[in-house]
Amino acid sequence: MARVVVDVMLKPEILDPQGQAVANALPRLGVTEVSSVRIGKRIELEFVGEPDLDKAREIADKLLANTVIESFTISVADDKGQVEK
Amino acid sequence: MARVVVDVMLKPEILDPQGQAVANALPRLGVTEVSSVRIGKRIELEFVGEPDLDKAREIADKLLANTVIESFTISVADDKGQVEK
Amino acid sequence: MKIGVVTFPGSLDDGDARRAARLAGAEAVQLWHADADLKGVDAVVLPGGFSYGDYLRCGAIARFSPVMEKIIDAAKGGLPVLGICNGFQVLCEAHLLPGALLRNSHLHFRNRDQKLRVENTSTAWTSGYTEGQEIVIPVKNGEGCYQADEHTLDALEAEGRVVVRYVEGNPNGSQRDIAGIRNEAGNVVGLMPHPEHATEALTGPFGGGVDGLVMFTSVLASLGVKA
Amino acid sequence: MTTADTVDLAEKTPDEEQPYAALGLQPDEYERIREILGRRPTQSELAMYSIMWSEHCSYKSSKVHLKQFGEKTPKNNRMLAGIGENAGVVALNDEIAVTFKVESHNHPSFVEPYQGAATGVGGIVRDILAMGARPIAVMDQLRFGAVDHPDTPRLVHGIVQGVGGYGNCLGLPNIGGETVFDPCYQGNPLVNALSIGVLPISRLQNKTASGVGNAVILMGAKTGRDGIGGVSVLASATFEEGSEDSRPAVQVGDPFMEKLLIESCLEIYDAGLVVGIQDLGGAGLTCALSETSAAGGLGMRAYLERVPLREASMEPHEILASESQERMLLIVAPENVDAVLAICDKWGVLGTNIGEITEGDRLIISWNDQIVVDCPPGSLADDGPVYARPLREPADLILLQADRAETLPRPTDLRAELLTLVASPNLCDKSWITEQYDRYVLGNTVLAQPEDAGVIRIDEESNLGVALATDGNGRYTRLNPYEGAKLALAEAYRNVSVTGATPIAVSDCLNFGSPEDPAVMWQFAEAVRGLADGCLEMGIPVTGGNVSFYNQTGTVAINPTPVVAVLGVLDDVTKRTPMGFAEAGDTIVLLGETREELSGSEWAWVRHGHLGGQPPKVDLLGEIKLADALRVADLVSAHDLSDGGLAQALTESVLRRGVGATVELPGDAFVDLFSESAGRVLVTVKDVEALRAVVGDIPLTVLGTTGGDALTVRREGPGAVNTQFEIPLTELAEAHQGTLARLFG
């Protein structure tokens, strides 16, 4: 299946209040072993034909990420990792 | 590095207005080969010691995802795919 | 004088911006996102709202609309452009202004009457204020936290390009309390607060302030009209 | 192509087992369906009947009571559309009308707080749009469990962000609402949403599918598996914790699509291109197809394979039951179809011709040439079951009413008492919530929270405007549903009147437990009787509303919570009276009589966790007199007294603009401060004698003067113990304004 994944994360130097909020909430759930949390976007692009990584990169650069504050990673979907529920 | 990634996506039957908006915008950028777009969250959990997948799953289930509308995947960070900028 | 107000799908304060332009004495002209035509307007307002739903990133999609292509060129040619809230976000996405606007640091949408200090009056949109003047204008945004790298921020400060600053409380965590900035030439200004919501005593900020009207009279003045 | 359960098949297999019970139908209801059809229903028909005959859609338990609104409420020539329409429509003058309605989205908001609340706002806005109006504002009435319950933060954050997220993105100012915390709402939060719209009377729309040969156009979002069976599963049965599997897919709202839907529909109305229109809410296509065709008294033919789907695998009964949001159904003359679709295209909204009006009186729906539905639409829309359910006064009511709060121990330190009360969750400042809502957009908001009523300018030339307020006190209604409903009406009426507006219409949202519990049903019957009698007495009609039953967990129901909305008109909004002391030197006057009425009060609840006795006495004719006086009097400010009594009203009035006050209490200082007697308003004036001249026999008490930076309370005469105190405004603000941020920030 021709799915390309673009992961967009805030650049490390940019403050991530959302991740911060989650990190702060964890102790209340009894979680102490997580030192930091970053929250970004996972964007799945379904291609009609063959997954086109260069095209995906172009789209990410132009539209999906604002490279002033964000960086992105391109990969072809590999559905490992166990899906829940 | 002990980073666990939680990918949270809307369940397939749930409307994804965000992905839809992007999909509708692509043709205006001259992109015609993308048939559908889904947008979810990528959450990176930095563990102090060993990455604990079960712990991550518990956090995802309790806090990161609302399993009424979302499903999630847990994986250990593997930084393949080429990072840009 | 004609002030054009762009209507993107999802624009919300376009009607208010047109009303403000009228109250300032201009002719308000509606510009449609899909028309690559500025209808001969003398200035342009990019209004607040949620263009295209603002689903990906505020302003990210609007920036690619046909009318924006024209506005980007015209702005580089000196056309006065004011981006309000979502309009500010569009201007940053279009790289007419530096930096970006992120999720408010407290993660909430916040609507309140906000005190601002006018830091720079050498712009098409703030010439009617006096430097250091304190004004009250409503803010209402979820993603108004201005961010740029230190180098850019220093440059903005050094060149007097910070136009308005939040005082007595920063509503969104914006760096250096920045509420609005301008380009080098001063014809392009972007700000998070909503001057169009402070143009009538009846509906303006609590207490009846009309401080926002000056932005619209300023541009008319700068266009050589008695405001 | 898969095959569906067709009418043919249903005729050939009469004895096929059908899961009607699982769909919430009673055996006798199922039998009636078979009689109506003369055969077993198809799977699609069964889905449609189960939805249309559900409590939520058919009002089968409430109908017999609600008819009082029609019978009792005064005939009124302002009313252009009433109960039965998507929303009531009231004329402001010969050209302009407004339409408003309040509706519940309680159960979905418990399952998925953000989306539940968001789609609640979206749903009520479409009702307003369907009447031909441009929506111009929203309000939200929220009830949560105890602030310290572990699940409350999830609901508060999700629901408030949902209301804001949708309303803000839609560009509708939020001009008011309610926020109440009470353990009785644990597991059953109430999310009511109100919307108001304005229309030229000539643009009034209806849902009648008239004109044989006219096209049936579906507009808006694609149809997906959202909330399949949501209406029947979620809103028509007691919600079982952990029944994940029976949960329908939650609807996700798309306010951006709704905004486009609004703009395109208004353009279509103005071009005169539509014969009839109906919004798709809960019950989706099922409701829209059957109600429009039933209203037209004609037949309809619909082709489900034409419906744009999000998931190709959807089956006909799913397409019919889907609750996908942001959709409208239009009836359009053939020659106008292209024009309608062109406008859809301009706004980027899907428009699809899915059928036509036919001769006869059958609703016939096919899917890929297979007939899956063939029934009389009226049997779905109008001839649902009607129950006169058993009523029984709650067994504990006599004891409850005997346990009066007037006998509770009283405080000696009134200063501390006041600071505690005004900081309590129900009385504290609500800015932490209301700052998450846009109150400025559209540029016509004259008054909004924390004012007593929201005031919106309708016409920029004439300054014609409207005022809106909603109220409902579940504790009062628990103690006495009949009087409690009248009290809710009285308070909303008063909140509108303090702005100087003339109340002209009522809408309501009746939130109750299970109608199958005779005690709940009794509370419901009494509340409806009270509201209907009250409206008759006050001379303003109920124009529409909504009933939400099954707000209970197990056998424990919520306090009966009728939310009453009152709409008022202001000929000139520039003359409205705001709340809050404006400047030093004005005279502070209390209008109305203060009695020793503490039962059901916020004081009794906060101080003693006590609920008992009879709610405050309500005098509706007195309220009318008061309102009339407020309209003619020359007032600097006005603020009604309600929950928390004078202590609360003084606190809100001094903090509004930071103008202090010194007041002298006439009677028992404690009662003066904390009694919740109805029919009272706190005003400030320049000239007391001029006020005296217009209030007639309404009790008038001069309390003191505005000014300074403290709230100073004095009480002359004997027996005054610790009743003289002074609270700096900074300290008062600290107490009143910090609470919600501290709890949920």
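First chain written, first letter: the chains are A, B, C and D, and each begins at residue 1.
Rule of thumb we're sticking to: a contact is a pair of C-beta atoms (placed from the backbone, for glycine too) under 8 Å apart; a residue touches a chain by one contact, two chains touch by 3 or more.
Note that the coordinates shown come from a computational prediction; the quantities given were computed from them, not determined experimentally.
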{"item": "Result of counting contacting C-beta pairs for A-C and B-D, higher pair", "value": "B-D"}
{"item": "Separation of subunit C from subunit D, taking each centre as the mean of its C-alpha atoms, in whole Å", "value": "36"}
{"item": "Computed distance of Cα centres, subunit D from subunit A, in Å", "value": "40"}
{"item": "Distance from the mean Cα position of subunit C to that of subunit A, given in whole angstrom", "value": "31"}
{"item": "Junction residues of subunit B - those touching two or more other chains", "value": "17, 20-22, 24-25, 29, 39"}
{"item": "Multi-partner residues of subunit C (each touching 2 or more other chains)", "value": "52-53, 55-56, 61, 64, 106"}
{"item": "Junction residues of subunit D, two or more chains touched", "value": "254, 256-257, 348"}
{"item": "Complete list of chain pairs which touch one another", "value": "A-B, A-C, B-C, B-D, C-D"}
{"item": "Residue ranges of subunit A touching subunit B (in the complex, touch as defined)", "value": "5, 7-9, 19, 22, 25-26, 29, 31, 33-49, 52, 55, 57, 59-64, 67, 71-75, 79-85"}
{"item": "Interfacial residue positions of subunit C with respect to subunit A in the complex", "value": "56-57, 60-61, 64, 92-93, 98-100, 102-107, 147-149, 173"}
{"item": "Sites on subunit C touched by subunit D in the complex", "value": "9-10, 12-13, 15-16, 19, 48-50, 52-55, 106, 108-112, 138, 140, 142, 194, 196-197, 200, 202-203, 207"}
{"item": "Residues of subunit D defined as touching subunit B within the complex", "value": "111-112, 115, 221, 224-226, 244, 247, 249-252, 254, 256-257, 310-311, 324-325, 348"}
{"item": "Complex contacts: residues of subunit A adjacent to subunit C", "value": "10, 13-15, 17-18, 21, 63-64, 66, 68-69"}
